[in-house]
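This report refers to the structure that appears directly beneath it.
Letters are used for the chains, namely A, B, C, D, E, F, G and H, taken in the order the chains are written, and counting of residues starts over at 1 for each.
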Amino acid sequence: MTEKIIIAGAGGQGIMLLGKILAEAAMRENRFVTWLPAYGAEVRGGTAYCMVIISDEEIGSASISIADSLIVMNAPSYARFKPRLKTRGLLVGNSSLVKHNLAVQSQVLWYPFTDIAMKLGNVKVANMAALGCFIARRPVVEVKNIARVIEEIAPAHKKDLIEINKRALAAGIALVGKKNKKSGEKNG
Amino acid sequence: MTEKIIIAGAGGQGIMLLGKILAEAAMRENRFVTWLPAYGAEVRGGTAYCMVIISDEEIGSASISIADSLIVMNAPSYARFKPRLKTRGLLVGNSSLVKHNLAVQSQVLWYPFTDIAMKLGNVKVANMAALGCFIARRPVVEVKNIARVIEEIAPAHKKDLIEINKRALAAGIALVGKKNKKSGEKNG
Amino acid sequence: MSKKILMTGNEAIAAGAIQAGCRFYAGYPITPQNELIAYMAKYMPQANGIFIQAESELAAINMVFGAAAAGARAMTSSSSPGMSLKQEGISYIAGAELPAVIVNMMRGGPGLGNIAPSQSDYFQATRCGHGDYHAIVLAPSTVHEAYYGMREAFDLADKYRNPVIVLGDGMLGQMMEPLEVAQAAAESSKYKKPWALSGCLGRAPNVVKSFYLHEGKLEEFNLLLQKKYKRIKEKEQRAEVILADDAEIVLVAYGSMARIAKAAVKTLRAQGIKAGLIRPISLWPFPETIFRKLSAGRKKRSLLVVEMSYGQMIEDVRLSVGDRFPVEFLGRGGGGVPSEKEIIAKVKHVTGKKLHR
Amino acid sequence: MSKKILMTGNEAIAAGAIQAGCRFYAGYPITPQNELIAYMAKYMPQANGIFIQAESELAAINMVFGAAAAGARAMTSSSSPGMSLKQEGISYIAGAELPAVIVNMMRGGPGLGNIAPSQSDYFQATRCGHGDYHAIVLAPSTVHEAYYGMREAFDLADKYRNPVIVLGDGMLGQMMEPLEVAQAAAESSKYKKPWALSGCLGRAPNVVKSFYLHEGKLEEFNLLLQKKYKRIKEKEQRAEVILADDAEIVLVAYGSMARIAKAAVKTLRAQGIKAGLIRPISLWPFPETIFRKLSAGRKKRSLLVVEMSYGQMIEDVRLSVGDRFPVEFLGRGGGGVPSEKEIIAKVKHVTGKKLHR
Amino acid sequence: MAKITIDRNRCKGCLLCIRFCPKGALLVDKDLNVRGLRPVKFKNDADCLGCMLCALMCPDCCIEVFK
Amino acid sequence: MAKITIDRNRCKGCLLCIRFCPKGALLVDKDLNVRGLRPVKFKNDADCLGCMLCALMCPDCCIEVFK
Amino acid sequence: MKKIYSHPQSLRTVSTHYCPGCGHGIAHRLIAEVIDDLDIRERVIAVAPVGCAVVAYDYWDFDCSEAAHGRALAVATAIKRVRPQNIVFTYQGDGDLAAIGANETIHAANRGENLTVIFINNAIYGMTGGQMAPTTLLQQKTATTPLGRDASLQGYPLKISEMLALLNGVKYVERVSIHTPQEVIKTKKAIKQAFQNQIDGIGFSLVEIISPCPTYWEMPPVQALDWIKDCMLKEFPLGRIK
Amino acid sequence: MKKIYSHPQSLRTVSTHYCPGCGHGIAHRLIAEVIDDLDIRERVIAVAPVGCAVVAYDYWDFDCSEAAHGRALAVATAIKRVRPQNIVFTYQGDGDLAAIGANETIHAANRGENLTVIFINNAIYGMTGGQMAPTTLLQQKTATTPLGRDASLQGYPLKISEMLALLNGVKYVERVSIHTPQEVIKTKKAIKQAFQNQIDGIGFSLVEIISPCPTYWEMPPVQALDWIKDCMLKEFPLGRIK
């Protein structure tokens, strides 16, 4: 099993962190994993993305041409990476910031992650909500490992953030956990 | 016919010029000719040398490992280049400044070129005296061509030097012209 | 069992260097190796080592010259344009026979190019700057190898008193992989440096230099260098060989490119095509012995060199195998990376096999 | 009939450049090419051209970048260590597709080495710096060729918008030979430069650059470069071939070394040994076609590559002939120059002929 | 009476214009622009001076001023 | 009473010592040294002060001074 | 109503890649305005640096050359010598001009090349991700001074403008800032002076612009302007230096 | 009679390759004397330049490193950082220190490295055959300024010592000369101070020595000393600069 995930959004949305948490969790499960960020001048102008591959075998390229899953947190990222999602791939999109159309040959999960995060009290945890949503649909790593990673990587002086991050994660999971497609899920 | 000549002495003795005049004269006779100077850090500490090859065929290396003739104007040059003169090669040496021994398997022409030049009124023309001496014994180019070169290359404001240079040349020729070996010529 | 951590290739190189006893780093920022210098800035002082952000790549490489002359395990890092600026300095290090490690995380060229991964400095690394010298060139392919390769790099440098270039690329530098860090400290002290500059207390003065004024002396020195290079060529060829014995097509790739080639080999084997891989780890000395041995195996086979360039390592492959096998090439430059798909297509084209899925 | 003058190779290059329409020179002193810069200092202003003694080789090559970008025929010169410092700049010139001429009068290396003649920067010249680029490399062998070769160098640079390296050595630079200077002026004006920077009056702005930010763009550009290189390879191979047809041993040498090899061929022929010579004039593109054609001739023959280095051009020779002929080598480095005597001895050794005198 | 126009799709929402407007004539739009972020917009009822301070400070040259 | 010694074979004949000797205690030797040039030598009857000015100026450190 | 402030002609109407609130945008615009004002767009040749402003040629609408990192003034020297009738300027960051390129800077200045230099001092390496620049303040944290710049290890913020002012070849040096609209106006005046000097054949003229890099100062754009006032100007006082 | 002046221990008794009357010889000797006087021969590490003094290590009797042309202060920085207990100095010509190496000079100075720098200003490139140096005087004829240095083309003699003195990291700068015995004595004092500063941990100390190159000034050694007094000191006034 190999899962290739592209995660993209704006600077400050915690894109890199989302990817790292996923990768760390996979590492704890002794899977092969690679994480590759966008870097350099690419990160000016406020876009950010990273690529995560989780696999049971040695991984070749850490760069992803065609992704199995795509998590997009803002509009420019959606526009940019939409073409790189494989047919019937999984799209997790932040409907708070993206006016999406449906012309995508994929499974799509659109949820207002930014709004959800704001409701939880911190706009910055939108990424965890999206991660929860993704992981609920594509259980490539165990949720408990993600939770552990969140606990472990929080800097000492920011331990208070652990709780809200975990709550956002749970909220994201819950979206899919509802197991209905009403709210945001569509097959395009 | 190919003649390989090393000319060596101290900075300021007109070593390079001696070689160039020889080379220019050969060029005027449409011979193949190369002139190669010592250069760079080698010229510090007051030594100077150049290598001239005159030939009827295309010339390979402009650098001379074993010379047909050697003109040395001071003691360190004599010590340095003595081993590079071929057996029975021609040595023209400035006895004014070199305490020479005779352990050289060569034809040797030792004359006090510096003293001769001083007598002519300019210590700097010792080189021309040596050139004259050399050319008289090894007529690789015609004397008249050497004289022409001396006339042509003198800078405009130093035309007065032509005469004394030519006189020194003549004096050098005369040394050998005497056709006796008394004064300085030996076979070692 | 030691804990695994997730690390970028750049950080792994820095961490591996410190672990290998490197105590002097000088560098100048350039993408895609900035995580390396940042790691050094943070952790070198903690290891009681010296970190200097130099004013330029030129200053950095010459600082490494000085630190190595003073006996420290010293290194610098850069990426392609910065590496070009270090050429004079590397030649001096080779000429003064100083041990030092230089990392190049290659990016797209020529000129300013871009910051995407590339392998187009292979020639520069293996054929270097002015003068008849060689740096030992190592090409790690994983974060693990990036980390542990540094110890080898410093050991080789000390053993042969020679510059060692670690040749990576932007992808290896930027990507994170799990890494199990070493527990035991490196035994850097086993290499004595009586030639190092430390003040002449109790001994005759030492001189570190590459200049030979007197006729013939530089040639003498070069003959010694050439002997050393011969020794290195005999002893230090390194390569990973995968399924090459019975292969009808042997891929040849190094560094990040080899990872993709390896994946392609797996896929091809699964499809019934006998593919193999030779992954040179030492690019200089090039592992020509392994290529020479290849003749012993089956007759009808071809080699396919895959590079993130328009064909550089292929020359070493051709020089190693001569006319014995056809040597094919697949390469992309300017930051383009041949994909597994492209490799497979090329293999099928070369072997004449149809795509059967 | 025009007058002959006695000139050093360095001066001939400078004079040839000015005669070829070069109107911008920037350089930094280094032995053994100082006569070149001195000549430029004196005569460039007389030709209404620009002479700048730059603060360093880096500044010099980047000034050449600027002058070429502004549309001038521009050049710089240096010797080995200084040439290493120019590597980044040359890569930029190639990446920006600017025409420029760079002269390297090679000296002994590595490091500071010495100032004796050498050919140990062949790799650097032909495989260059970072990125997949090529400079055209020309290697004159006489003062005459040094002079007239400059026109060719500038024409090639303009024609292909590419850097051209003129690769000489200390001996060629220092020695004087008779030279008949050209009477007619070069037609440099036949190369139009609409891309040059001159202010955007009456046209859209021009940009001179080697940077490609957007994904895929640098690769596209590189593919164009590669096409250009292919064209150059097809059209611009140059070599002098002497008595190779019936030769049982073909010497291969360039530059100053080829003069000595030529003398050896004469001597050998006189002694009844069928020797010949191939003298590559363009080192990149390497005249491989001539080597390929060699197969048509007699079967049993060997090649003997002679270099003032420990073996650099030999790789191109081997890549050109494959396993068809044995390729032998004679080389000396660090300022050592193989003598005619050494060549003859080696030939006799290779051909198994005894010395018969 | 004066007014300004803002090229909302090139606006990066840095807020420098708002910081220096003496009249509080600008505010953050709640609608996203094509970049996916919230640009500033001119309050149509604002008492704009045409002082150009906003334009002087805009790093993206999004503002034109009319008077 | 003072005197100096000169390492005549290392002397390059630059004459700086002569230029600065207040006592004219040095002169050019008419015999050549091993370099083939004329070094300076100390006038044995000179009224040397031991002032060391000659030694201070000698670029080749050929002079030692005794007093 | 009349348009009293509009987009300068010399600046293309495209989105830049700069971060929100980046000073490069303001500097670019001011240069474009000056070039429009002096009506020299068709004579100008710019030399762009390697730094965040590397693609300045995508934003300006006149001839432009790239230069290798730090070598802008070598490139500009040659362009100006070859084309003395053109107006040639360099645009360089603190890393470009004062670190790797300090030698080219000093020697072009000492030669007194008739050039205009716009020097963007943001006390950081923006393009490469926030490393120490020669102008980084003491105690300032950067990727390569994680504990803050320490004079005993990294030395002091380099005042290269003051050094250049010592040179005979240098005719005009002024340090300005863009942290308030008033200072922006002064900055434009200084830039204009530096170009006018070249037009008049007066010689080497340099304007150092203190400019915010909110991203690697790790603060919102508005706060970055305050940091200029509160911190940077203490080390880099504004005004005419020569 | 007692020997009151003898050959310093730190200087080997060999013939140098310098031309007759070259100032490098005097400077070498003074350094050796100072090192003897301070009794630091066994702690010293010298960094020799590329220039006529390239083989200074053949003349001094203590540890020594070569450095690529212009990079002596980069090399020295690293040696001193690695071995803070040693006394590290560079010896550099005007081409080495102020042309190709000016950047390394400025940044080592700005970092305030605890180093001693002996800077030989002979207004010429000696080693390569007499080309213009940054310090070449106006009108001075050299191989690359055959009509004399022209300010409008080659700029002005560069006073790098004065520039360096502006830097906080620099603790001591003095310009001295060796054209008379009195000045030679002062030169030795300055060199001693520069070494003492390093021993005392005070920091970057530089002594600029105006030094004759009779060969490429094309005059006899004695006249070269007069030329220093009559011409060079006009441009390069002696004394403590910082």
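In the analysis below, contacts are C-beta pairs under 8 Å (C-beta built on N, C-alpha and C of every residue); 3 or more make two chains touch, one makes a residue touch a chain.
Everything numeric here is computed off the predicted structure, so don't read it as measured data.
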Shared interface partners, meaning chains that touch subunit E and subunit F: none
Dominant interface by pair count is C-D
Round to the nearest whole Å and give the separation of the Cα centres of subunit C and subunit G. 38
Take the average of all CA coordinates in subunit B, do the same for subunit C, and state the distance between these two points in whole angstrom. 56
What whole-number Å value describes the gap between the mean CA coordinates of subunit A and subunit B? 87
If you look at subunit F, which of its residues touch at least two other chains? 12, 35
Specify, in ascending order, the residues of subunit H that touch 2 or more different other chains. 15-20, 54, 66, 68, 99-100, 102-103, 106-107, 127-129, 134, 154
Residues of subunit B touching at least two other chains: 40-41, 46
Per the contact definition, I'd like the list of subunit G residues that touch subunit C in the complex. 50, 54, 66, 68-70, 95, 99-100, 102, 125, 127-129, 131-132, 134, 143-146, 154
Report the residues of subunit G in contact with subunit D in the complex, numbered from low to high. 17, 41-45, 47-48, 50, 54-55, 57, 60-68, 71, 74-79, 81-83, 86-87, 103-104, 106-107
Under the touch definition given earlier, write down the residues of subunit D that touch subunit G in their complex. 23-24, 26, 50, 52, 54-56, 58-60, 62-67, 69-72, 74, 88-89, 92, 96, 197-202, 205-211, 213
Listed in rising order, subunit G residues that touch subunit H in their complex are 99-100, 102-103, 106-107, 110-112, 134, 151-156, 158-159, 162-163, 166-169
Along subunit B, where are the residues that touch subunit D in the complex? 20, 23-24, 27, 33-37, 39-42, 57-63, 65
